[in-house]
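Listed below are the structures to be examined.
Two complexes are shown next, each including subunit A; its partner changes from subunit B in the first to subunit C in the second.
Take a look at the complex of A and B:
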């Protein structure tokens, strides 16, 4: 009888157009929109090289730090290349600037470095920022060299050059690590789009709550006419509900699988090479969604529409807080209200997927897996206490 | 024959309102018991208490000699229920719906297949097996609702207003099916507020109002409670008041009313009342278009007992 009820519960859920829309179609539609919207944003945010000019005078030629710095930041082989640099005279640089062919130019004189720009913007700011960084590095190197000479640690010109080169390497390395990383984000797995797809997966998992709610309601005499009929049958309530909920879980897993297939093969989303872990987290997410729906079915004393509304609202708010409408929200909540995101199942899913790509270890990933299982357990335990009731005051 | 249902002193309260008030009755094996009463009289509540769906304040309920409880699965396997509200799955076909509910009772697929076929034949849905419920008319949907409740061939069947909002053809089909169930040996509890159905179907009747039993017995026994024995209705245009007064003087006349060109005369007893009236009308030269005589109905009994119409 377990299989009999499972079979028909599965058929009933799978043929319910409203359920299929929310758990199958809606995430795919939303994913398509995300893909359209965010791929445009990302392509628009691809980092274009900043066209600049450097005045090639004697002072610049004799200053190794400045010369090497601009050479490195303009090197075509450098993955973190920032500038497309022309080495020209000051007149030529002025002409290029007036013709808006460059964002600005750099001139080094005996009085120090100067940046000349004609307007303010991100490119001009970056040029200014780089100039300050290199200038600070130069000062640091000069100070340390003078100090070493004063202490007699270096004496010969050869020693001085070697010391100077070592310092240059160290200081530039530190500076590079401490500065905000300006890079072409489209070359990384992690992107705005990926965060959106993580929250989309979280949303799909949690929408499974509707399946859980319907599966339970169909077996409760106080919630549906069908529930009245099955309640007077000789089949045990636990068996009825478990088989129906299992059917709901399988339906939900099929829905999420379809989403994966669609996003991987149609939208060309790259989930990386940890797919088994992604699947494990998703299965736990589905369980959390389903258990949330079961709890709603049992605990909320209202009709199906109200319960569905609550599940959709909880899901959408949860996804919003975990970064669906912008990753900034996730950071804000993580920073200011960390507890909220720790009990937010949408964030557990999103954060677990995020951790898979962002961290080398799986610690944070498994914390999220465990959190989802604990959340599910709590929901199920709370639900069971409500489901034990066998007679009702009214139906 | 023994009692299939024994209800003793059943009381159910909703927030200090007694929905069922110290109800005691029994249902004998093989009979159709009618629970007759207006909407809100406690018929459905009584059935839901018997089925252990509802808590009740006081009383005891036995089915087949054993106490009925939510976990009395052995007893539940002998019971079939057709609820007032249609309880089928819109996503399943007619056949699948019957198979699903029958499968909660009958494991063997071969037997189940035969039972489903029998149920389809009983309610006349053989040609609609692949239809979804939303494709069925109201009457056919009610028939499906019945088929889902009785396909497993239960020994005890509760039918809670199964003919509400049903077309005459489906109603006749349903009533014929219920008689057939009784003929096949089932005991039936039938609730309705249609007195005609009770008169056609039921071996015994319990009249309920405000959760209490007003009267019980066979149709004839109950009609004995009515003080009238015959009703005659005549369609006459513009009847003079003096004729009404004259009719009131007839020996066995209980009451005479005249409105909307309908003359209604009730008689306490007597024979040949119709002949005597027709003779009077002919003698006085009063023309009429229709005249007919009726025996008192259960509605008259209800009116007598409560002072209100059954369908109020």
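Take a look at the complex of A and C:
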């Protein structure tokens, strides 16, 4: 009897087109959108060459420091290249700036260097910073020369020029050899678009709740004719419901496996070396979704549509809070309202996967696995106490 | 009137999703619109940096921390490795600098001590690293010539405080305009999802077989019935649009009263018309009420993701944008993007915008024709 009911529950679930759309197809479609929209987002934040223009006038031509600095920073062979520079007339530069082909341009006049930009931004700031750096280097040499003069180390103007030239090459030498020692100790796994895929998995797991709900409804006398028939049969209720729910769980796991296969092989999402742990967490997530669905089926005394609506709303709000519509949301909640995300099953899944991806230790991951199991247990206990001893004299 | 009343009754049934789409829009907008200073002058960007100083805050170390503090935004995060790592991952901070113990002393002894950092590797982080190494380099050069620590930090500070003059050509408040464009870009989702969802549900309610049979044999003229349905649906779309426009005045504020703001509103109106025709087409194609929800999500989320409503257009891969040309949302969002930096409105600058709006109208026309063809083919009952 167990296998018989299991088989038919399985068939019923698979033939419901809406169910299959939401639990199988929708996550895959959404994943495709994520992939299309986010595939470039991180590389476009990386440091790129900044397009600038330099006004070619006599003052600039005659100033060796400025000319060489810009040449070096625009040199394609230089590893620290910052700019893609055009040397143009002032009118041309203004046109380029208006058409937004350059971030800004640089003018050197007798009054000193000036940077012209059209708005404030990080590229403009870097252009300003670099020109500042060059004038600061100039200033530094002047200061050192002045203090040498004050100490009486040099006296005549001829000496001063020679000293200045010597100091210049000396300072450049020091600047090169005293390269600051900066060691980057941040983790390599910093790709935050991964969170989007984690919320997608969370969504799929929780949408599975609809499967659990439909599976339980099949056995409830107040929900369907089928439920009435099943209820009058001599089979034990526990066995009946367990076999239907098991069918729901397996359908759900098939849906999630499809999503994994699709994201790994088609979208090339890298879940890291810890795939078995990812799978373990996902299985727990499916259980949480399923038990949420069962609890809704039992506790909400209303029709199918309302129950589905509640499950979808809980899932979407949960995913929103765990960062599906912008990962900053998850961070804000984690930081300011940690309790909310502690009881949010979508966040348990997202956070567990995040901990696995980003953290070196597994503590936080296992806390989330345990939370999911506790959440499922609570839902199941609540459902069982709701389902026990249901009797209808007439219906 | 009967048709209109029924329309309102069905509308009342789908208020929950409409509220949901609006709440998401407001949440998104409120999120991105936290008032930042709007100023016309040049403001240097300050990268978000966290400074963890294990050394005594004196001498050269103090100079360094002061320099970083004045050129970066120091983010307040509790000194806990997990909290710092989380902040870095979610880009709350872009660059973390750990100054080791005895840094100042070791530096003066010429040891060139190592500084550990954590970095997100993006523009902000690169700029923060430039600032850090700039200070160390200048300090290293001066340290060769100057013995006295006090004189040394004073000289470094003096050199690094030298500023370059920056001229800014635009007086446009791009900051506020960008935000209003962001709001209208996101409204692409809310308008599209709202229109398609409601109109499809209404059309499918009117199309269920018993009701169609009843209206078919009633004395009401077929054309009048259709016209009423069209008017009430258009009315709904316009009300939805008006509501979102009003909301934009509340959320974005004064910048909506400029000429650019007016064009944004106009553009969203043209888009609403287009969304209305899309909804009509889908409503005519789909009979099953349950399927509407799925289709709304795919259509609205799809065009929002692919055309840059959620993710800024400049971050989308070019191939995606090329494909997006076939979607109306693309033309709508392109106009919003152009308005962000448009200084003067004249025929020359408005031409591309008029072209985009024209494209939207062409789409609307195509959808209307298609919807009519479909409904004619499906007119027969049973």
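A few points about this structure:
The rule is simple: the second predicted complex is superposed on the first by the 249 of 395 C-alpha atoms of A that agree within 3 Å, B and C clash if a C-alpha of one lies under 4 Å from a C-alpha of the other, contacts with A are read in each partner's own complex, and residues count from 1 in each chain.
Operating definition for what follows: a contact is a pair of C-beta atoms (placed from the backbone, for glycine too) under 8 Å apart; a residue touches a chain by one contact, two chains touch by 3 or more.
On a predicted model such as this, the values are computed, not experimentally measured, just so you know.
Comparing subunit B with subunit C, more residues of subunit A are touched by C. Look at A:236: by the touch rule set out above, it reaches subunit B but stays clear of subunit C. Touch criterion met: A:394 reaches subunit B, while subunit C stays clear of it.
In the superposed model, A:97 makes contact with subunit C only, not with subunit B. Once chain A of one complex is fitted onto chain A of the other, the partner contacts of A:336 are absent, as it touches neither subunit B nor subunit C. Once the two complexes are overlaid on chain A, none of the subunit A residues touched by subunit B in the first is touched by subunit C in the second.
Touching subunit A in their complex are the following residues of subunit B: 14, 48, 51-55, 70-71, 73-74, 76-77, 79, 81, 83, 85-89, 91-92, 96, 99-101, 103-105, 107, 148-149.
Across the complex, subunit C meets subunit A through its residues 16, 20, 24, 27-28, 31, 42-45, 47, 85-92, 96, 98, 112-124, 126-127, 129-134, 136-138, 140-142, 144-146, 155, 158-160, 162-170, 172, 174, 290-291, 294, 297-298, 301-302, 305-306, 310-311, 314-317, 320, 341. By the touch rule above, subunit A contacts subunit B in their complex via residues 1, 4-5, 8, 11-16, 218, 221, 224-226, 228-236, 390-395.
The part of subunit A that touches subunit C in the complex is made up of residues 18, 21-22, 26, 29-30, 33-34, 36-42, 44-48, 94, 97-98, 100, 112-126, 128-129, 131-133, 135-136, 139-140, 143-144, 147, 171, 174-175, 178-187, 190, 192, 309, 313, 316, 320, 325-331, 334, 354, 358-359.
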